[in-house]
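Next, two complexes with chain A in common: one pairs it with chain B, the other with chain C.
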Partner chain A sequence: MFLGIDIGSSSSKVAIVDENKNVVAAKVVNMGTGTNGADVAMQAALDEAGITLEDVKYIVATGYGRLKFDKADVQITEISCHAKGVQTLVPDADTIIDIGGQDAKVIRLAGGQVENFIMNEKCAAGTGRFLEVMSRVLNTDLKDLSALADQSTKALAISSVCTVFAESEVISSLAAGEALADVARGANFAIAKRVAGMCKRVGTGKKIVMTGGVALNDNMVRSMAAELGQEVTAVPHCQVVGAIGAAIFAHEKYHK
Partner chain B sequence: MSIITKKITKLENIALNPAKAVAESCKETGKEAVGCFPIYTPEEIVYAGGFLPVGMWGGKKEFKESEAYLQGFCCSIIKTNVELGIRGAYNHLKAVIIPALCDTLKCIVENWKIAVPQVPSVAIVYPQNRWAAGSQEYLIAEYKRVRSELEKITGVLITETAIEQAYELYEEYRAVMREFTEVAAKYPQTIDAKKRHLIIKAGYYMDKAVYKEDVKCIIEELKKMPEEKAKGVKVVATGLIGEPIEVLDIFVENGITVVADDLAQESRQFRTVGRPEGTIWEKMAGRILDQRGCTFLAEQKKSRGDMLINMVKNTGAEAVVVMMMKFCDPEEFDYPVYKAQLEKEGIPILYLEVDQQMESFEQLRTRIQSFAEML
Partner chain C sequence: MSKTSKELLNELVAKHYEDAAQAKKDGKLVAWATSICPQELLEAMDITVVYPENHAAAIAARKHSQEFLDQSEGCGYSIDICSYARVNMGYKDIQYSEAANIPMPDMVFCCNNICTTVAKWYENLATELNIPFILIDTPFNHIYDAPAHNIEYMRNQIEHAIHQIEEICGRPYDYERLTEVMKISNETAYWWRRACFTAQAMPSPLSGFDMFNYMALVVCIRGKKEGRDLFKLWCEELEAKAAEGKGPWKEGEEEKYRVIWDGIACWANLSPTYKILKKYGINVVTSLYPDAWTILYETNDIEGMAKAYTYYHANRNVDYVAATKSQRVKDFNVDGVIFHSNRSCKLMDFTIYEQQRRITAETGVPTVVFDGDMTDPRIFSEAQYETRIQALVEMMEENKKKKAQEGK
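Here is the complex of A and B:
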């Protein structure tokens, strides 16, 4: 068995693949780097696969916590791992939009390999953190934000790209009597606009897919498609794509 | 310790401890120092006056006092200079020379007089229409004004003969540096990305007569060794400066070697060969008028993209790394132009947005490691 672990800023993801590169376990724990989330997620995945750590031949760690995870045989960046995961799950994809807890990345693929990529700067704008802040202001669970946005009847623009300013802008909108649903949709569009700008810098291909926790938000995926004027789909198991990629790398590294 | 290791370690220590290095250089040479802001200043005039020209390339300092003069989006190099100036770190300088080469510098030319009144300043405005016939005449007049203002501040007469001698020394220094960058590219293990940067940077805190001999020695020692193979990716670096230094540590960790550069703090200072003919003033002006591919000196047709492509081809580099200092608008404006040219040639680009006050390098680590993995 081969294990990939993606230790992100807000969650830890683990995937295990067998000798034939089939995914036999995949787990997400909402605790990121600096917590014991990595160990919890790994144990949960091992339990799901019905194996122990001794049965794992090779471990690849990715994500921001990759360098701090001492059980890994090797560390590979999440950019390479997301590309590897997408190559396996959606072989014809040539553009990946990965929006995680603290950053956003646009990755271009050519022949399954990373051809180019861009990451957002050290700023919460255009990331999952932005949605977390918005859901708090809207007094809604993060997972319910998409359904709330679906109820929107009018486009409400959030012009501030800065998360802190956007928060006060949203509070002003709510004070002015704007509907929660319109604000939720506006928040999704604010991210979509920001990430679309990144797509412009690196260019998009013919098939765009989304990975990362933010891709769980259907309304966000549709907002992204509307902003880009192209079809955008969420990769199945979008949160664990990086971990799956890492597990496949583990398989390849072991057999090299 | 071998001669080469000794020399490299000496220059590394100087580059990492500029204040101490300048104090020691002043003590050793008996000279007083004059600060030279980025990007270009006529150091030869300073040297001819018997002073030590010292590079002022910012540093890692928390901003407090400078906030009164410069907004958050201003260049961190200049902001650090102002911060240190207000705090009194430059009180030992006889003067500073500030070229008005960007919007931030233009404003600091004026604000310095109020913010740091204890350190006299001399402004220099370079011609932007360098292809116009009057540019040379204008630039020579500016150089002569700088000389005259320095004479007034220091009370030292700066003769043309002394400037000629200083220019000769500087031309020799520049030739040595051109050779160093060429030779160093053949020894990527001995001269890794960090060492290369520090060796070049040390020259801004030393007397060039001493420094060039140290670099010559390194070149000679390198030449005695068999050429080395790069462990990983060979790149050409472009931008303002190759810092923060932690970025270069990440380069080294990921086997990224800088085999040539177009950095303002490095090769842009010495890549242009002086004109053989003319008066000393014409020769000095010629170095600015003939400089190509630098965003701070306008060109009718931007040559930076073609220059970078040639650098990649000539050195066997696999990619270009852009060290983009936040928020350097001249550099930002150049980027889309040369990016398109590099992409057309299929040359990968790693864009790193940096500033001197950075504390967290994890995002940059991911970018750099991903880039190395991609190649």
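Here is the complex of A and C:
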């Protein structure tokens, strides 16, 4: 068995693949680097696969916390791991939009290899953190944000890209009587706009897919498509794509 | 035993600051000048020249820049302004740093071939300190070659500056001395470039971060004999190392990847930026700096001098810069390019994405961009830097594999 672990800023994800590269376990724990989230997620995945750590032949760590995780045989960046995961799950994809807790990136693939990528600057604009803050202001669970946005009847623009300023902007909108649903959709559009700018910098390809926790927000995926004027789909198991990629790398490294 | 160039370098840097302080005490004139200005004009009249950008870098490298940034920001200078300017504006008020000191100026001398920020920055210095402001206004080269009217415009300004200097010094211009300084400056430039180009050898005898160190000196003693001799010695050492097949680091530390570092070093974060590269076996073999001080022209040719100064790379169009970088990739056997997106330096940053696109299209090597700043320590993030560098390594590795397969 081969294990991939993706330790992000707000969650830890683990995937295990077997000799035939089939995913036999995938777990997400909402605790990121600096917590014991990595160990908890790993144990949960081992339990799901019905194995122990001794059965694992090779471990690849990725994500923001990859260098601090001492059980890994090797560390590979989330850029390569997302590319590898997507290549396995959606082989014909050539553009990946990954929005995670504290970063957003767009990766261009050519022949399955990373050709170019761009990541957000040192700033939370256009990342999952932005939506977290928004859902707090809207008093909604992050996972319900999409359903709420679906009820929107009016396009409301959030003009600030800065998370802190956007928060006060939204509070003023709500105080002015704007509907929660419209604000929720506005937040999705704000991210979509920002990330679409990044897509244009690296150039979008023919098939665009989304990974990362934010891709669970269906309304967000549709906002992204609307902004780009192109079809965008969420990769199945979007949260664990990086971990799956890492597990496949573990398989390949072991058999090299 | 004779000294190594490194020992000499440290001595000369210290001496540069000491001499400047002494000159001030002796009542000599001191000028603050921009890094790639026609310093020959001042040097020839025995004016002591110090360089605020360099000084700011020295302060930042010793982790003392924050104090000066706070001072100037407190005066209302925005964090969006170049941090060299902010450190220097702060220094103008505080006038002392544990890291390094420069004497207060009797005049400022500014050539805006490096950016437009410097013109306002120096104008403010001149106004606040109530001292003369000499400006050599250098038009940006939107087209490949500088048009004749630009060169003429510059030549006229250089001649005007000579009159201004005569007035400030109260004596006629020393053209003989100018000839001599021009000659030395050109020789220094020659050795500087030749030393930097030893990095073409595989492995490179030169570590790019060493180049940054020596660069500090080429800025300040370009017109002095000691400078020329140092760069000649350094070049000879490097050529000897290359002949023996020695790499940039200690024995056993392999140069695995050769990259171009585009932009200024992160002086305030020098150690992590260097160590992370070294951890992955990445050596910076070149940048556009080898040419930045390669100001070559015939002695006594003011027009040639004008042209040389207007051709500083950041003052030339995207076509020129992209073509030069692509050529460097080929000439230095480069595997990848690292772009420092420097919050301070808009002029250097604003073409990065286009540069990336063209270099990859022309040469096929991967590139990455990271966010940082040269003297403001608050901008750089070590984890984000490492992720980008490691991703570059992964892309360079794939490229190598592909090439090896194609070669079979």
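In the analysis below, the second predicted complex is superposed on the first by the 256 of 256 C-alpha atoms of A that agree within 3 Å, B and C clash if a C-alpha of one lies under 4 Å from a C-alpha of the other, contacts with A are read in each partner's own complex, and residues count from 1 in each chain.
Basically, contacts are C-beta pairs under 8 Å (C-beta built on N, C-alpha and C of every residue); 3 or more make two chains touch, one makes a residue touch a chain.
Predicted model only: the values in this text are computed from it and were never measured.
Per the definitions stated earlier, placing chain B and chain C onto a shared chain A by superposition produces a clash between them. In the superposition on chain A, no contact is made by A:Lys256 with either chain B or chain C. Once chain A of one complex is fitted onto chain A of the other, the partner contacts of A:Ser80 extend to both chain B and chain C. Touching of chain A by both chain B and chain C, each in its own complex, is seen for residues 64, 67, 76-80, 103, 113-119, 121-122.
Residues of chain C that touch chain A in their complex: 341, 353, 356, 360, 366-369, 371, 379, 381, 383-384, 386-388, 390-391, 394-395, 398, 402.
Every residue of chain B that touches chain A in the complex is listed here, in rising order: 348-349, 351, 353, 360, 362-363, 365-367, 369-370, 373-374. Contact residues of chain A toward chain C in the complex are 64, 67, 75-80, 103, 113-119, 121-122, 201.
Across the interface of their complex, chain B is touched by residues 64, 67, 76-80, 103, 113-119, 121-122 of chain A.
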